[in-house]
Amino acid sequence: MQTLAIYPGSFDPVTNGHLDILQRATMLFDRVVVAIAHNVNKQGLFTPDERADLLRTVIGDNDKVEVDVFEGLLIDYARRRGARSIVRGLRAVADFEYEFQLALMNRRLEPSVDTIFLMTDESNFYVSSSLVKEVARFDGDVSEFVPDAVREALLAKLAR
Amino acid sequence: MQTLAIYPGSFDPVTNGHLDILQRATMLFDRVVVAIAHNVNKQGLFTPDERADLLRTVIGDNDKVEVDVFEGLLIDYARRRGARSIVRGLRAVADFEYEFQLALMNRRLEPSVDTIFLMTDESNFYVSSSLVKEVARFDGDVSEFVPDAVREALLAKLAR
Amino acid sequence: MQTLAIYPGSFDPVTNGHLDILQRATMLFDRVVVAIAHNVNKQGLFTPDERADLLRTVIGDNDKVEVDVFEGLLIDYARRRGARSIVRGLRAVADFEYEFQLALMNRRLEPSVDTIFLMTDESNFYVSSSLVKEVARFDGDVSEFVPDAVREALLAKLAR
Amino acid sequence: MQTLAIYPGSFDPVTNGHLDILQRATMLFDRVVVAIAHNVNKQGLFTPDERADLLRTVIGDNDKVEVDVFEGLLIDYARRRGARSIVRGLRAVADFEYEFQLALMNRRLEPSVDTIFLMTDESNFYVSSSLVKEVARFDGDVSEFVPDAVREALLAKLAR
Amino acid sequence: MQTLAIYPGSFDPVTNGHLDILQRATMLFDRVVVAIAHNVNKQGLFTPDERADLLRTVIGDNDKVEVDVFEGLLIDYARRRGARSIVRGLRAVADFEYEFQLALMNRRLEPSVDTIFLMTDESNFYVSSSLVKEVARFDGDVSEFVPDAVREALLAKLAR
Amino acid sequence: MQTLAIYPGSFDPVTNGHLDILQRATMLFDRVVVAIAHNVNKQGLFTPDERADLLRTVIGDNDKVEVDVFEGLLIDYARRRGARSIVRGLRAVADFEYEFQLALMNRRLEPSVDTIFLMTDESNFYVSSSLVKEVARFDGDVSEFVPDAVREALLAKLAR
């Protein structure tokens, strides 16, 4: 039986840190769905569709990975997709506590789906989408933190 | 002399976690005032009066408990009510630090009122008003996290 | 009915931080038992009896406070004494987590006894028995951190 | 290809918390090796062989699980066994930081082996081998925290 | 060669905690620039110019200190000013993690500028601009937390 | 006037993480004393003199750096040497809290000496003397974590 995992997030935009977690998740599961949360109450810099396009561009041809956008509860989406696992990257203690509460809540809502955590590589320890956007907004160089296609999309978006 | 404690919070809406702390606080004090903070700058899902009604409904007849709404500084409210203690539930490290700073600030503003902390029961460890609202917003089942009356009020409110 | 609380610890030796928590606990309860844990596997600088004597000296005449030494599980001692509450001081996040686990474990062992936490005053934030002993061991001045009787006992003990 | 994971620890003795993590790990991997670290510098309550026997007793017949004892570096053991994953349970922030450092160190020593983390179920949040031993040592009831066979082994061992 | 450090922040408004860090920074460097971040997306209670005036008033004549307002990336500002060091005060674990990420990011963007941290004095441990504003907003007494000129400016601003 | 800082620690043995902090400290101060704490109650793998020799070897000729061994209270040593600053590297939250308490205690003992903190570089985030010793003990490769001379000393010491 094929194993399927969901790797959820905002990905606004995708960073090298996300790609590291994704690549490691594909070593664990037959198939990984990168699932972009579409939160109607929280506008991002990129639209969910733009984020999906960027993800598809930087991932390239990879049979093991699918990019999707979802609305509503993550746990419902995971159930609908037949996933048994949710993958999350951990970076810091602040992450840890929120993620802990979310993982426990999700297990109570649906015991058959478990959350597994991977530790962010030290080279991406301080790379978050929001820090990257802040650096790019003020013309800082983000080429070490995101793929080229994302850097260009940031420049184009912020130049408007 | 009767001992009086204030149990302050947003209670937007009350959860099983709040009720656990409240019940344990009534073992320590002769009388506990559940004090709903009315913050004019921060709109909730329920109005302060709706939150008070929900609290009164789920608490039922209990001579030891009073529900009230207050504006302004908590420490002034506590002083006005003649309380000697403020009760807070602790759930996580992030809570802890903010609560620590607040408790020290309040002691400096009014040394005669002390803050005491109770640890959230493990079964409510991940139950917060904001997570409950998010689950309810997407039609998730919240019956394990809040009393029935609150679940119904959430459904009615979010259906509008 | 009289309310009774246990304030447990090693008190090896008692510091100003302990005395601050004790004094605040006596505002909450009719009677507080300072309970010195006698751990046969862990030798202290002072014997449990010496610690009890120091505590009695610095507390002086106070009908609300009793000093005792106990062996075995704290929760059994609390039950035996008819206490409904255990009082603990919190100083830092590291404290917090260990205390959290202990409080939950104790509630599971005996639901009728609850643990309440008080935040250490900022002026005693960094005062621990072990730091005080280290400072005293190297002839540092500890007069700001412990009562005079404790300072003298430390000097006498370490001079041997 | 069969996926193999190592679940390392002291297991002195195994608790319900360990068994919860193990059971969830078997949902993720074809085969899980419970690997008891034999640290010659740190004597446990049970010998490594006794711990292995207890683990085998409480796990029972399960083709997916193997119990083993290892000496030396975990990462070398994982490599020797052909494992691609190390499984660890996370309980608290203090765990988190140490585990983070260890996971990064292990990735640097051997990039092909990744560490994945599962969050301890809330009902086992405060159950650790060391707390269980302390409770048992003072005749406290540990039947909610460990399987029966472990409880009996604890009683027998501590009665000596 | 003269050493120059940047002490950046919002200073909305300056508190006794900021002044303690600033005074200690002047012991380490020949010259310290208090650099008010002008964030066009985040309106403060005081305008950046008002904050600068308040800072100049409370600092008074001091050849070692300069007050300035900057826009854009802190690290670019530091480079432009020829600073080798950024000074930050640390108060709590939550601060710590965010500051850690920022410091690492800044070192990657510009290795020649290092961030150094000073621990907030215990008497200012819980004094933050936001808590001070909240207390002042509800007519609480802030005279222990900010200089007189700041207290008066708060009263004038909030009375409008 | 020359500025002098103390960089204290166990350095049992020195790692690349220590050398990174030391190198950055020399950018801030005219002279830095690497001060090896000689704790008679805690035996290390290397004697204090061996640690000093290793430090001198890996530091080489550097007029700005001195290596010394001290006994007793750090703050007394700093005073004796005429230092105005103590330098410490921060790696994690657990470090942070202990360091916070120590820094506050030291300021109370001697207000004229301040502690400044530098954040460990991400590439050394998980490199500690104790982890390095554990890896070396089991024949793991430590060449990425310590200088060559230290690696050889570890091999020689552990082969005995």
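Going in written order, the chains are labelled A, B, C, D, E and F, and every chain counts its residues from 1.
Here, a contact is a pair of C-beta atoms (placed from the backbone, for glycine too) under 8 Å apart; a residue touches a chain by one contact, two chains touch by 3 or more.
As the structure is a prediction and not an experimental result, all values here were calculated from the model.
Q: Kindly point out which of D-F, A-D or E-F repeats the C-F interface, defined as over half of the contact pairs being the same residue numbers.
A: More than half of its contact pairs match C-F, so it is D-F.
Q: Identify the chain pair with more contacting C-beta pairs: E-F or B-E.
A: Answer to which pair has more contacts is E-F.
Q: Could you grab the centroid distance between chain A and chain B? Build each centroid from C-alpha atoms only and quote it in angstrom.
A: Computed from C-alpha means, the inter-chain centre distance equals 34 Å.
Q: Could you grab the centroid distance between chain B and chain D? Build each centroid from C-alpha atoms only and quote it in angstrom.
A: The mean C-alpha positions of chain B and chain D differ by 39 Å.
Q: State, to the nearest whole Å, the distance from the C-alpha centre of chain B to the C-alpha centre of chain C.
A: 30
Q: Indicate the residues of chain F shared as contacts by at least two other chains.
A: Each of 93-94, 97, 100, 104, 122, 125-126 in chain F touches at least two other chains.
Q: How about chain D: which of its residues touch chain F in the complex?
A: Result: residues 72-73, 75-76, 93-94, 97-98, 100-102, 104-105, 108-109 of chain D touch chain F.
Q: Given the complex with chain D, which residues does chain A contribute to the contact?
A: 3, 24, 27-28, 84-85, 90, 93, 96-97, 99-100, 103-104, 107, 114-119, 121-122
Q: List the residues on chain B that touch chain D in their complex, please.
A: Touching chain D: residues 93, 122-123, 125-126 of chain B.
Q: Mind listing the chain E positions that touch chain B in their complex?
A: Those residues of chain E that touch chain B are 92-94, 125-128, 131, 134-135, 138-141, 144.
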